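Shared between the two complexes below is subunit A, which has subunit B as its partner in the first and subunit C in the second.
Let's look at the complex of A and B:
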């Protein structure tokens, strides 16, 4: 209810989280484009512990992520690599009757970087269900084609 | 090798066709990127309502920053033009913005005429007041503008844009107040900011946009720290109580401008103009209509 206006300062950071597996000696890393927002009142006071709600471009009605800003009003998230999430990500921050919504455009290249980097991971977590299905079916057809190839070639011997 | 390969494909043309088909599926799955799956741009229509909300301050009353219990019988506002917009990115109004500042993809008129509405109507748990309802193209209406204009003679608040009627009580003293304000203004707002997202219209699901009014901006709020900007900027009720005659306070804009100190009148004017919000989201106010 307060008249103080606030604004969100957006900082786009490159975060490089390293992932260490619990078993074996493999170390993987994934470089992603993280987005950090900073929410402040117009007198520069950080919106500490404010509610954050993020909506992805593919579904503007259902929150994609909920969280809370830190002491400095910062909140960091990594947009997912789904192709249909290229576009505008909406970020809402609320606290004690104050609130604002801002839009962060996420470009295809930024997501492409995420996809490429994720593909380095052995887990394949970056693929969509459709992509996984297509890859599986393609592999099966590959085996079938190979089998047919060798079965036909035998008749020419 | 060439003959073998040719024969392999020649005897199994369906395999080749299937691979081509699979490639099509794959390209298709990769190419569905930019569309908004949930709210597609179609020719379908749905209902969009404009509601006005005085919140619990109006419906249940509250204690002003200077200790007056404020209860409202009537809170009239005189709407005129109201328009909802669909913008690609969220519209965040900045000082100096006008309706022309909104870069919209589509807009719909929600109110063409003037309409006086009572925000205090109904019980303490009443829903926001319906101002208008229009059949509109489906989509996401994430910006809103409306005007407050001076009510004409047929309105219960003729000559005013806003009128407040109620009682203020403190330490056994009760003052019946009837205050009229006349500040024609245009409000330029972005998306509603609240618990739930608003403004989404689907063919089978109506949407709503809300003009929200924060009356604690005029009187302050005893539940908010005294050094908070809200209470620093609010007039409170005491300067008005000091103008009461026989525990009655009937003042219009002209009376207020001549009876209050210039500083308090300025404070009151800014507070009245700053009433309009969209949920918790702030609006830009233009008085040069």
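Let's look at the complex of A and C:
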């Protein structure tokens, strides 16, 4: 009798770990570098739910990945590390006729080290608002100057 | 309502440039026949400045934000001067703020410029039609301002809908474009009201500006 219990216990002891193993999940991890883009309109409102199409350097005509941006205009993807995919990745963001294409250079070594955070705006070119204001003002002065030139009084001729 | 680079195929960009070249030539010929070039160029220049700046002022209308375009207003006040003025304004916007693109400049000039010439011809009916002058001016200036914006929006939408790249989710993009047309119709009302205000102001202060 005792012997029988002993074997039973032994069986349970052996069986339990096997059962746990069957339910177990195996998680491996490795470090990769993802690229996060943020799409904004040039008045700084995010392009939410805009369509994103990504083209890998190895094939520029067929999309490598498609997706949509989240509420705040963000989209993250992990470029694969194949040697023929080292180069310029094209990212196209589009929503109701607004959008832009940006090129993200990915080099083999950088891919492993850096998380590239490229800001992509729908229309802006990354100027500060001060720069934009100066550009706008100088252009306006050009137009106003033209107007003044052509409306000058005849007595000065 | 500016189409950025890379959204429409190259042959349409080229066709846009060709047509814009033709319309610019025609507009310049009309301008050359004008007797008041000296008086009209300052007007055109100032309105080009307004057109250029208006694109930087955003009005949020979900899901996107819009900005005043003022192409109807330009056509109403400037006549054929509006087309070269819009072309120059678009060039400045594309170069400085990447608003629109260099390859799509021709197409964009047509989308915004052609309706402005239509607005000019519509507003000129004021001299032909009978009726109470002030009311007629208000109605026609509203129709010019709002109508030319709507016409631009429709041209913009047709061009985009027929040229959605197959890589995109076509249905989602089409829906987004149609939704944005709703936003543009609100904008058309805003621009129509703005045009009425400006035209009636000019009529009171300097009516000779509106003589064609």
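By definition in this document, the second predicted complex is superposed on the first by the 82 of 157 C-alpha atoms of A that agree within 3 Å, B and C clash if a C-alpha of one lies under 4 Å from a C-alpha of the other, contacts with A are read in each partner's own complex, and residues count from 1 in each chain.
Methods note: a residue touches a chain if its C-beta (ideal position, glycine included) is under 8 Å from a C-beta of that chain, and two chains touch if they have at least 3 such contacts.
Everything numeric here is computed off the predicted structure, so don't read it as measured data.
> Identify the partner contact of A:45: answer first if only subunit B is touched, second if only subunit C is, both if each is, neither if none is.
second
> Once the structures are superposed on A, label A:99 by its partner contacts, choosing first (subunit B), second (subunit C), both or neither.
A:99 sits against subunit B and subunit C alike.
> Taking the superposition on A as described, I'd like to know which of subunit B and subunit C A:60 touches: first, second, both or neither.
Once the two structures are laid over each other on A, A:60 reaches subunit B alone.
> Residue overlap on subunit A between the subunit B contact set and the subunit C contact set?
Subunit A residues touching both partners: 43, 92, 94, 97-101, 144, 148.
> Quick check on the complex: what are the subunit A residues that touch subunit B?
For subunit A paired with subunit B, touching residues are 1-5, 43, 55, 57-61, 83-84, 86-88, 90, 92, 94, 97-103, 105, 108, 128, 130-131, 134, 137-138, 141, 144-145, 148-149, 152-153, 156.
> Could you pull out which subunit A residues touch subunit C in their complex?
Touch list, subunit A to subunit C: 41-43, 45, 48, 51, 53, 62-63, 66, 92, 94-101, 122-125, 127, 132, 135-136, 139-140, 143-144, 146-148, 150-151.
> Give every residue of subunit B touching subunit A within the complex, in rising order.
3-5, 7-8, 11-12, 15, 18-19, 22, 25-26, 29-39, 88-90, 92, 140, 190-191, 193-194, 197, 200, 214, 216-217, 221, 224, 228-230, 233, 274, 279-282
> So in the complex, the part of subunit C that touches subunit A is made up of which residues?
So the residues of subunit C touching subunit A come out as 1-7, 38-39, 41-43, 45-46, 48-49, 52-53, 56, 58, 60, 63-65, 92, 96-99, 156-157, 160, 165, 167-169, 172-173, 176-177, 179-180.
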